[in-house]
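Take a look at the structures below.
Each of the next two complexes has chain A plus one more chain, namely chain B in the first and chain C in the second.
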Partner chain A sequence: MTLSRGIKRGFVGAALLTIILVIIGLITSYFGSRYQLRLVYSTYVNLLVVLGLQVFMGNARITNLSHSAFMGIGAYAAAICVTPVNIKALSLPNAPWGLNAFSLDPLSSALIAIVITGTVALLVGLMIVRLSGIGATIVSLAFLVIVHSLFLYRTDIFKGNQAFFGIPQVFNLASVIALSAVVVFSVRIFRESKWGVALRASADDEVGALSMGVEMYRLRLIAWVFSGMLLAVAGIAYAYFLGTISARPFYFNHVFLTLAMLIFGGMRTVTGAVLGTFVISLGLEMVRWLETGPVFLGIDLPEALGLSGIALGVVIVFTMALRPSGIMGEHEIEDLVLKK
Partner chain B sequence: MLELSGISKTFGGVKAVQNVSLCIQPGEVRGLIGPNGAGKSTLVNLISGLLTQSSGVISLNGVPLDGFSTPKRARLGIARTFQNLRIFSSLTVHQNIEVANNIGQSSGRENDNFLKNAIEKFDLSEKLNTSADSLSYGFLRRLEIVRALALRPNILMLDEPAAGMNEQETAVLGDALKWIRLRSDCAMLVIDHDLRFIMGLCDQITVLNMGEVIAEGKPNEVANNRQVIDAYLGEDHAIAV
Partner chain C sequence: MEYVVQQIMNALAFGAEYALLALGLAIVFSIMGLVNFAHGEIIAVGGYTMVAAAALAFKNPMIVIGAAITAAVVASVTLERVAFRPVRYADPTTGLLTAFGVSMILQNLFLLLVSPRPITVTSLFFLEWSIDLGGVRVSSLQLFEALATIVVIILLMLFLRRTLLGLAMRAASLDFEMVRLSGVRANRVFAIAFMISGLLAGIACVFIMARRGSVDPHLGFDPVLKAFVACVVGGFGSLPGAVLGGFLLGAVEVAMLVMLPQSLGGMTDAFVFGIIALLLFWRPDGLLAPRSEKGDKH
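What follows is the complex of A and B.
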């Protein structure tokens, strides 16, 4: 038996996706306006989130609604570490535990943020992985609410809905594309690894997998923590590009948006995650244009505020009703070019 | 050697298995028969750790399995198939086998040639890259057995492997199981209602009725046992042993 066959196909698939990601980035860099550059950057950040979500949700097939919370933890942890002391003296004058008395370089800050988020994910994961179905989803939702409440009410640390400013803007489009490529490879290799295959087996049939020796809860925990760390990376990329963060982007709207991306593309595959992110991002931009009440083909369209929320809901409803496994189903991109 | 000593299992007030003791030697093929509701599948679930016995001891090669989870028992070499198929439908045939193969290898019971030959014997070589959800019922049954074999088990428990098969398919399955027996020292515990199939395959047969062992012995002894005829086989049974 050639046991590494899946891994080889995974490398091919990840390479093809990386080529597409780089091409989109290059086209935007050369031809895009400043606004479009920003838009594409946020799409890549959302791609990191959706890939992080896919690692757990796609392989264990347990719906997670707390991913934006982990992104927020990563973003705030990095922001607190990296922001210069003189700025923190202004923005966080009452910060406890000496959080405003030190400042680290961006790389160290990012690594610390990933470790902190991974540790939090481990603690939450110990509870979540033993639950299945709706139980796990409700716990993840509760965690999202807890974290958001902390962001809002510990203003001495997170500044709540006010802007946490002064984060060095060390990331650009090239950095986030490079990061996306690394994450695409990591997520794809995880999916095809013996852990990923066993986790997918347990999602198909728990009892069957347990009887084949699969340590299902341990594998779920590994995927959950890995997912949390990737979401931290997304948060860091977000903070290091914008230079300013607040609690609001790490809550329901973002959960809903990224969930729609994954569901639409197909949660079971990495290609689905990539496809869903780009199609929904593009589609949403068109809907936002429609929201403003533009003149289209000579017709003065009315203003339609809230249309983007409706559109996302409709995408989720129709995908779940007509094609629950998303556009890609079980297919990865290399299935188009390689023999099965 | 798998040994069950005084195993009982009750669900509320219902005694599903009562004081069952049996011993299966390496390489032995043991049949487990009895009417529906006799406790056969419950016994397999107890051995594989999906259920916990109310009393008694189950041990494998002298090691008591009390407190061992189902995955841990699988890693020790207790493999099984299910009455209702439990295939990993989103995976390919190859990946289905790979899941168990990785566990078998990590447990230090490697035998790549045996597995390769088993894949051929069960006619799955051409199907390795096929998605499991597109296989016919007969192939799914075979896949479940090969997947269990990939664990390199000490004991393989087959819960109604011939269910839903026609006479010809059952004969091919019987031939394949005899092949396993010749090429490994894996013991087998086989549950089935096809008596011709089971009598032709097994060295020893244990008969359960209402959770209790009512007979045990060679196929011809069991077939002529009055208690077994009354409880399960009926007067007009005609089994060539």
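What follows is the complex of A and C.
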């Protein structure tokens, strides 16, 4: 089997990104404090989310606002499966359908969670892929609201805004780095595959691609479901590290944060997704420090709640006004070392 | 009988609110292809202006209402000049994301500069009393809302059909370049579109505030999400579609409120969106989508 030129370049690019991801991980695990380790871990989880988002947004070029909901579905499904029975008897005494009467090992729980999320994504996707770009965005937003109200309403299963605790903490920084490397490879290969190329072509010129025999709706659906499953993986990584989850992190603020990351880096490329995640995470930590009202150069700054939200909004508005395709535009990382 | 009439009034009032907001979204979209996510923040600007006007001890509620509507119009036109001008001729996704960013900035500015907590406004409570309509008691506020919306729709229709500027606006939604070539200033058309959009949001704001009695940074989120869904159902960019979608959504919502058992109260919106989703499955482009062939240049 001969590989196409795009896929070969994709392997090089993904390998370069993996090296960077591993180096960042190694530096933090040698020099970082406990608190910094947690921050870096959550950055890697956000990276998984942004990569999952890129699969659909970057290739089909339709804005998706429901990604945090899929992350939440994955996280809760895995959490319900994996949490030991004695803890569930305490935390979910009224759970229906015997949900509190069984528990599985982390691996099979994760697989079940991915299958469940993929099925939900398939059902939602069947409708979303047929809508025009803007219709799809609005419906994805409505889906986010539906899932969030479900998390809040069924407190007997999800515990709403209270903590769902007792999830075994089986993940550490090394496992999430390994996971993100695998995801970087699969997302990049998808982008360069026959499907990815055809999907990007249909986003550039819908009529042209259709006339060349591109089955746009089917390809969009494939990308959507694949994206949903990757988002479930991100949710599982989140739950397996923290040990407790609640409905709040899977809502608007997170949607907005990860969207800003992808847009800033450039949604059309995998390199852009990685770059955006790390730059925004770093920048946001500084803004958060300002938000708490620190003493800086002898000046006692006031507490400024909402500053990080403003900063993210400004990033999005300026990126759109000055460079709508993000920092990376159409460039992937291997363009630095390989000839065109 | 009384119960039925009351529920019909409920549906009309809900629908009127969604129709007003959806019209404001549709008029901007039809002309510049912008999905204005910051529409909800225009409503919040109106709400906060009421707080300020009431705090300045304006006892006359008409001044409070006038101030709120004026503020909404000014805010809407300002947003067009400051934020949306650079992305005026960009593709819809760029515009959509810009508007999304603007919406977040404004929401967090309210959070930072005013307060994350709701602020009460009592000056509009006088709008609510109960009217005896042929033996049936209905809420005056709902009656006002339905009537105001009908009047606004008629005025808007007259403006679009009977005036030169209205003609230019309708033409701009079909072929903007042609309109510019015939000597109409682009800036003017955009400014008018945002002015109308802000005016509609301001009127909706008055009724929302009269019903809720308080304002917080997320005031506009829920109604505008519904208005967006109404636009999608009606066919994005179609003005009659926006009105139809708004009233349809209002009717479905009231039907769900009536039919769902009390225990499912928190899930009303989920059911409403679910039903709308089925409708879109049948008609992906919406009920009254403007006719266009795939590949047409806009």
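Definition applied: the second predicted complex is superposed on the first by the 337 of 340 C-alpha atoms of A that agree within 3 Å, B and C clash if a C-alpha of one lies under 4 Å from a C-alpha of the other, contacts with A are read in each partner's own complex, and residues count from 1 in each chain.
Throughout what follows, a contact is a pair of C-beta atoms (placed from the backbone, for glycine too) under 8 Å apart; a residue touches a chain by one contact, two chains touch by 3 or more.
None of the values given here were measured: they were computed from a predicted structure.
Visitor: Who does A:Ala101 touch here: chain B (first), chain C (second), both, or neither?
Guide: neither
Visitor: Looking at chain A, which partner touches more of its residues: chain C or chain B?
Guide: C
Visitor: Which partner does A:Gly306 reach: the first (chain B), the second (chain C), both, or neither?
Guide: second
Visitor: Which partner does A:Thr63 reach: the first (chain B), the second (chain C), both, or neither?
Guide: second
Visitor: State whether A:Val207 touches chain B only (first), chain C only (second), both chains, or neither.
Guide: So A:Val207 meets both chain B and chain C here.
Visitor: Counting only touches as set out at the top, which of chain B and chain C does A:Gly6 meet: first, second, both, neither?
Guide: first
Visitor: Tell me which partner A:Ala198 touches in the superposition: chain B (first), chain C (second), both or neither.
Guide: first
Visitor: Answer with first, second, both or neither: which of chain B and chain C does A:Glu330 touch in the superposed model?
Guide: After superposition on chain A, A:Glu330 lies in contact with chain B alone.
Visitor: Of all the chain A residues, which ones make contact with chain B and with chain C?
Guide: Residues 207, 210 of chain A touch both chain B and chain C.
Visitor: Considering only the defined contacts, which chain A positions touch chain B in the complex?
Guide: 1, 3, 5-6, 194, 197-198, 200-201, 203-205, 207-216, 268, 330, 340
Visitor: For chain A, which residues are in contact with chain C within the complex?
Guide: Interface residues on the chain A side: 61-63, 127, 130-135, 137-139, 141-143, 145-146, 149-150, 152-153, 206-207, 210, 256, 259-260, 263, 304-310, 312-317, 320-321, 324.
Visitor: Hey, which residues of chain C end up touching chain A in the complex?
Guide: Per the stated touch rule, the residues are 35, 83, 86-87, 90-98, 100-105, 107-109, 111-112, 116, 225, 228-229, 231-232, 236, 266-267, 269-270, 273-274, 276-277, 280-281, 284-286, 294-295.
Visitor: Touching residues of chain B toward chain A in the complex: what are they?
Guide: Against chain A, chain B makes touches at 48, 50, 69-72, 74-75, 79-80, 82, 86-91, 94-104, 107, 112, 115-116, 119, 129-131, 147-148, 151.
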